[in-house]
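Note that chain A is present in both complexes that follow, paired respectively with chain B and with chain C.
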Partner chain A sequence: MKALMSLGALVGVLGLLLLGGMIFDVVPSNTVRLVEGYMPMQMLIEVGCYVAGFAGLSYMLSAMGMPMPRFWQGIGFWLFFMLYLKFRVYPPIPFSVRAMYGTVSMVAVFMWISASEEDWKKFKQPIMNVLDAQTGMNKMMRYLYLVLIPILVGGFSYNAMVPKSEEPVELRTVHPAPPASTKVHGKTYVLQTSQSPYRVNPEGKYDQEYSNANIVEQGMGRLMKPNANPWDDKNQGYLKYVKEGGEIFFQNCHFCHGDNLNGRGLHAFAFNPIPANFTDPGTIAQLQETFIFWRVSKGGIGLPNEGFPWASVMPPWEQHLTVDEIWKVILFEYWHTGYYPRTWD
Partner chain B sequence: MGLVTRKNLFAIMGLCAMVGLLLLPIVMALPSPAIGEEAPAADAEKKEGDKVEKGRDVYYKTEGIVMGAPAPKTVDGPRDYPRYNFESRVLLWFANQQHLYYGSFVLAVPIFCMIIEFMGVVTKDKALAKRYDQLAYDFIKISLTAYSLTAVLGGILIFTFLTLYPAFFGYLSGIFRPVMHIYALMFVAESGTLYIYYYGWDKMKEGFLKWIHLSMSVVLNIIGTLLMFLANSWIGFMMSPAGVDEQGRFLGNIWHVIHTALWNPLNLHRILGNMAFGGGVVAAYAAYKFLASKTDEDRAHYDWMGYIAMALGVAFLIPLPFAGYWLMREVYAYRQQMGITLMGGLLAWLFIIQATMIGILFLSTNYYLWQAMGRMRGAEKYQRYIKYLVFLLACGYMVFITPHTMVMTPAELKAMGGQQHPVLGNYGVMSAKNGGINVIITTTVLSFVWYMRGNKVSTVSWAKFGNIFMGVFFACAYINIIGLAVYGYYIPANVRVGLSVPQVATTLSCLFFMFALNGVMMKGAKQMGPIEWGKISARSQYALIMLATAFTWMMGLMGYIRSSVRLFWHVNEIMRDNSPWAYTHTVGFAANMISFNVLFFWVSILFVFWLGSLAAKKAPVEAKAGVPGAVPQPAASH
Partner chain C sequence: MMNSVTRKAGIGAVTAFGVILIATNAGIVFAQGGLPEGFKKGELAAEPSAEMIEAGKRVYFTKCVWCHGVDGAGDGPGADRLWPRPRNFNQGTFKIRHTASGELPLFDAKKPVAGQNDLFETVTHGLPGSAMPPWEGILSEEQRLQVLSFVTTQLVKDRKFTDKQSETQTILQLAELKPKAASEESKKRGAELIVEKKCVECHGMEGRGDGNAFNLKDDWGFSIQPANWHKCWNFRGSRQDPYNVANIFRTFSTGVNGTPMPSFADNTSVDERWDIANFVNSLCERDAEGKPLPIDPLSDKPKINFVIPSDPVEGDIPADIEHEAWQKAPKRYVAMGGQITHKPRNFVNRIDDIWVRSLYNDKHIVYLLEWDDRTKSVAEGKLPWAPTQVNIDIKEQEPKTGEEGSIAANQNKYEVYNDAIAIETAVKWKELPSPIKPRYLFGTNEQFPVDIVKWEADGSVRAFLGTGWDKDFVERDTYEENLKVLKGEWKNGRWYVMIQRPVGNKKDQDYDEDTFFEVGQYIPTVFFAWDGHNGDAGRKMAVSAFYYTFMNPPIPQETYIYPVVIAFGVVLLEGWILTRRANRKKGKTL
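Let's turn to the complex of A and B:
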């Protein structure tokens, strides 16, 4: 047990040193890389390791006769977590999300330190000592708080109220609800039931399972499946259409959406927000193929009321591409990202 | 003996009368389809040569004879939208919400009474049986005053509809005419049954009569549940109309109008929601009384009452997210754009607030249980592990509330390099959220298991093996839930939706198997000490109040979301809302309005509680007997 706790303590100390380095910019945030595709679990596991490390550290300090007061344990852990979010995770997390996480972690710390009466008393003790002010030091602290707290509150209020030149926060609806149907090149498409005419099996019938089996592999590398290379000239059917879609994509779309379809094309950073990242599981992977068809056809100006504040400069591609070309380019996007269009059956 | 027999006879007659009342509306409803389907056909035969207009059901796609007027095409003006110098929608919102709060409460509490009274009847310990009986009586007493207020609020709601939205209400009542009459009759039946049930409590206290009394509570709850189902059919019709053609003309089949695409999921969701809400309100009442108690005896009673109410509420809270999931699935199946507006579009941020509320409910429950372990000798052994439960809950909660569409300044957007954050963006989708909520619920189950074995040491010979098995079972459950959440990113969306089934099954397996195994292990267990009722911390009672407030807020929020998803339609795709208020409120306005409704409800229910306490002061001493913690008293006989 002691050996395990010692190991935990070592992990805790190393983690703290690393985080300290990141805070003071001695160590870059990506020293321990957040690996694409594994980032979400990596972050949770890292925080888990820190928790285990701190438990070990606390145990070791107690064993050495230098127990850390519960009050400082609680405050320290909360501060650690806030600093971790700010300095470890990259790209930077927006303040609104950090505020949410900060509140949750504060509640969690409260639940932990007040779970038992004994712990709660230990936690409250330093606060009660200052309020009671039985010693000179505590009396001084009490006066200090009396001055500092109103100044801090005033400072925060001033900061919140002072006019800023920064653009205001936008509550943007990234994927507004689509209409029931859309008219493209004179033909009406019902979004709930329409299908891509090019997502077909060798018999020429619509077959999503067949196309799913031929997309690139998920995960790192996004490798092509064996015998599923669209650039093979002998291809017919689905893979041939993927290739044609790819050609359309690289003639029209990649300038903004990027070679890797990750929204980082040549012109991407001229726009705010930058174009959609198709490799993100929150974009095309979440949507029906017909939704993409509607969005590509109608572009930014075709966004409905719900799409406030209509922050999209995508052209209405129906003015430049045929219906077949739009379906093919969508086919390519799903193939390249390794995602499947959403279906409801 | 003769007296008893006569009493029995009267009781049986009373029960039969209630069953008769219950069946009456159904009998009355029977001719309705006949009128709807056969009579016009007969008429049609008579008037041979007359052209019979037929329409196609917008949902069922069946053909039917047009039997009603089309949905009115309203225009903004005093004829269709008469108004005060105030937003009519807000007035209606207020009246509707208050009626729903009270309606939920008075429908839920009799179900609790039924369960608790049943526990009292079957338990062999007479003192405990009496305590259960007294608790059930206390519950129904609380709901009785609320019941009249529910009816009053229902009247206010109808008047508000009639005076501010006459065209819409006229259309709705034209379609639902027979249903509304049945509803009114069932309300009468509900009132009659409730009063007989309440006032007959002391008269039917023992033996066969007690079973009759218990049966009355079953009838009462069936009537109440049917009432709610009928009311749900109206909102189901407004969201996903059926039984009418494209112009909104009734096609003669009232069952189609009632049984819309969303009716059944709404019914299930509301039953569970009402129960959880009712439990929360009673728990908050008990918490308030606990905090105001002056004697140890009272504290012990209200501590116990709060615990029972919380346990019942949480028992229905646990399956609630799954029922909600089903409802959303049906919404998506009905109209994709409706689902996207709800969970990915305009109303998505309200869903994040909802997730926050759900998290608060589970966190409060866990916290209460940990505090409750403080009044058990022997439960200290679990205290040092609580921090790990906190960690699991906090991680699950943070994933659960991570928004898909983040609020950020343009500068932050630029720094992030796109709308989706590469780390947190993954938490914003359903696969991760399913994992998050299942981790939270499984941890709550674990807290319950610890609570149940807090002051006990198993004496079965296989105790060590049992403990290891339970530990491994929970560990495997967590691995399975998280593993499936991760796996969800690598498969198509329609398959991913199906992954929620094994995740839920894992959580429910923990709930049922671990509770059962724990029960077997703890049978005849060595007690480390009694549960010291009344010696729980004040913090725990604030957790109960928090639980109830979060329930109330969440109900208000979800009601608003459900209603708002129709956007500018009174009846989705059938009858357009042409009032000046056919727009979606800002999140801030909606939150303020919900908070106002919550505040009004709590202030008014405090008044109801106060009225209840006035009645208690006049009650005979006998009714107050049997508080937990006091010396057990044998059951009084008549």
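Let's turn to the complex of A and C:
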């Protein structure tokens, strides 16, 4: 038990030092990066480490005869969590969302400290002591609070009422429901039944297994399979079309969606929100190929009414590309990110 | 035919210039009998292992080939629509180095150390201002070294990184040279030196890159522009640390290979170089308190605030930028991207940001727009298409044209049109569904149009109506008399334009076509910019995202009253709690 707790304390303290160092620029602020796509898991693990750390710390402190009051443990952890959300997570979360997390974590902290009657009493004790003001110290604190709380509340409400020009929060529908069919270059495509004409094996047959076997490997760098180079002149079928799709991508799409398909292209910084990041598991990886076909063909303007605020300047690519080119570029996007399109079944 | 002749002449001139430069440099080195100050002789790194090279090939053909091409000649599928063009590796000419002018950059496949491995740092941090992104976080350290092993051994064809006969390494000892404090005195000396060393001839009197901007070519014959010192986040060698003076010191000491930027190592002392670097660094845009702008790690550009506050003034709005009201007005950075959604598309926008301030009174609102543009352009030719037209049927820049036909080769050969700027605001923005924004950049539809006010470098100011994503703009002749240009001046590579328009009201004006500016509300606003020397006209332009104009209201009285009332309420509450507690205790003890 003791060893376990010490280990927890060690992990927690190291994590805290690292976090503090990154916030105050003692060590480079990108020492431990939040990796896109894995961020929620990473955050859960980090917070888990800190919980272990705090538990270990308080255990060690009480073992050394300097127990920390429950009262301060509860408040301390809650404050820590709020600061973590504010300073660690990037891009920053809007205040309203942080407030939601704050409330939830406060409830959690309350549940923890009121788990047993004794704990709850211990937690309440400091508050009661100040209210009762039996000692001189507590008396002083009571008067201090009496004066400070109204001033603080008044200040906060003034702050809230002063006209401010903060950017209004925009929530948007990222993947609106697609229509049943879409008409591109005069031909109707039923989204449920259409297939990419280029997801084919060397014999020219539609073959998802074959194409899935030749996409880039997941894992750091997302590199192509050693024996599946789209630039090999001998390629037939899928890989040949991947290369053709890549050419179209790097002549039209990379300006916004970026050289690594992560939405950080040359012009991306000018737009709000920045263009879609295809390497994120939340975009093309969870959509059907025909959904992408519809979005690419119709662009931001083709979004349905419920898709507001339509914050997209993506052009309807049917204006610039042929149907074949659109299918090929989609093929390339899946190849390059190493994802499979979702299937209907 | 004509073109290719002038191009060849250009290459010839550059080569001759380079030869003279190298010759004079060599002369000085011999005369001193040593190395330039701050440099030391270094050893060539060992050849990377065959496994590294083979592994690097796999990285190259997944990530790099799309721009740099199969043979590394900078001619991949993406190349012809880019400017600057992707690097042609074949000649072994690399821009950002710690090595003396003309030498190969530092690269050691076993030493990924900052300051000792130039190519590794370039791949890690990317080259801002070009399409080369930072690969850190995408490729592992190992993978970055692997791909560089492949590039330096297989794709650099004219030189060899390990050939002791032909290659030397004279390395700038940047880690050992302590930066000089950026005192006023040092900056003043730097300001004098940049005139003395003729930096201003290319970089311009204010350092906005506007001197001699159209006669410069790189080694491959593509036009190239001098850096704008006010946008340090676009410095190729900024290494994601744009306000670091050491980067400027390094570039100034080593020069930029393949470009007209020479190394100044031989004719300046280290001390002088720090003075110059301090001065150049001090020019980079800073906030009102003189602190570096916060940089967004997602884009490596200044962080964007999408609200453009407008402060109230009593009486007339001053037309003088030095006026106190303008000096106090908050300044916003507005990022601009190329309009690449409709024909004619603008793949290469030369205006990548503008700075906006705003003031209003009871009748008018004024926008002060400042942006860097290396050339003042007033139309010489007739527009090829009406400025209002969209989706016009033109032959676009073919994506695959080879070097000759690429965008990079044809820079500076455009017919010159007017520089221009426009402010677009939504009409009837209050009725747009929440959150208020038109559906598209050029308006939602006839019911929810946008109101566009456009100023051009010939001094004209015009109004248009935009009614949809693929609709031509409609010119509004009757509205123009309401608009006024308070200022329109181009000075040393920067435009200063002040446009005044009515805030409007429902009573006197057309509700369906005019934007009404209401105090304390978020009014969707977009900016368009045109660079006449880039052939920008009509929809070939730079665009911003949606911003919000917010007219700061005077503080209402309630703001002072309610908090006092609330605080008093809290005092009462406290009294109640204390009394209750006291009573309860009494009850217990009794």
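The definition used in the following text is that the second predicted complex is superposed on the first by the 274 of 345 C-alpha atoms of A that agree within 3 Å, B and C clash if a C-alpha of one lies under 4 Å from a C-alpha of the other, contacts with A are read in each partner's own complex, and residues count from 1 in each chain.
The rule is simple: contacts are C-beta pairs under 8 Å (C-beta built on N, C-alpha and C of every residue); 3 or more make two chains touch, one makes a residue touch a chain.
What you see is a predicted model, and the numbers here were worked out from it, not measured in a lab.
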| item | value |
| --- | --- |
| Touched partner set for A:V162, first chain B, second chain C, both or neither | second |
| Partner chain(s) touched by A:V89 [first = chain B, second = chain C, both, neither] | first |
| Touching partner for A:R264 - first (chain B), second (chain C), both, neither | both |
| First, second, both or neither for A:L146, with chain B first and chain C second | second |
| Which superposed partner A:V51 touches (first chain B, second chain C, both, neither) | first |
| Partner chain(s) touched by A:I274 [first = chain B, second = chain C, both, neither] | both |
| Contacts of A:G154 with chain B and chain C, given as first, second, both or neither | second |
| Partner chain(s) touched by A:D132 [first = chain B, second = chain C, both, neither] | second |
| Partner chain in contact with A:Q286 - chain B first, chain C second, else both or neither | first |
| Doubly contacted chain A residues - partners chain C and chain B | 91, 166-170, 264, 269, 272, 274 |
| Touching residues (chain side chain C, partner chain A) in the complex | 58-59, 61-63, 65-67, 70, 76-78, 80-81, 130-133, 135, 137-140, 143, 296-301, 304-307, 309, 335-338, 340-343, 347, 349, 352, 391, 399-400, 433, 435-437, 439-441, 469-470, 520, 522, 543-546, 548, 550, 552-553, 555-556, 558-560, 562-564, 566-568, 570-571, 574, 577-578, 581, 585 |
| Touch list for chain A against partner chain C, complex | 30, 33, 35, 90-91, 131-132, 145-146, 149-151, 153-155, 157-158, 161-163, 165-170, 216, 220-224, 226, 229-231, 246-247, 249-252, 254-256, 258-260, 262, 264-272, 274, 299-301, 308-311, 313-315, 319-320, 336 |
| Touching residues on chain B, where the partner in the complex is chain A | 332-333, 335-341, 344-346, 348-349, 356, 359, 363, 366-367, 370-371, 374, 380, 383, 386-388, 390-391, 393-395, 397-399, 401-429, 431-432, 486, 489-494, 537, 539, 587 |
| Interface residues, chain A side, partner chain B - complex | 34, 36, 39-41, 43-44, 47-48, 51, 55, 89, 91-97, 100-101, 104-105, 107-108, 111-112, 114-117, 119-120, 166-180, 191-192, 208, 212, 218-219, 263-264, 269, 272-274, 276-277, 280-283, 285-286, 288, 306, 340-345 |
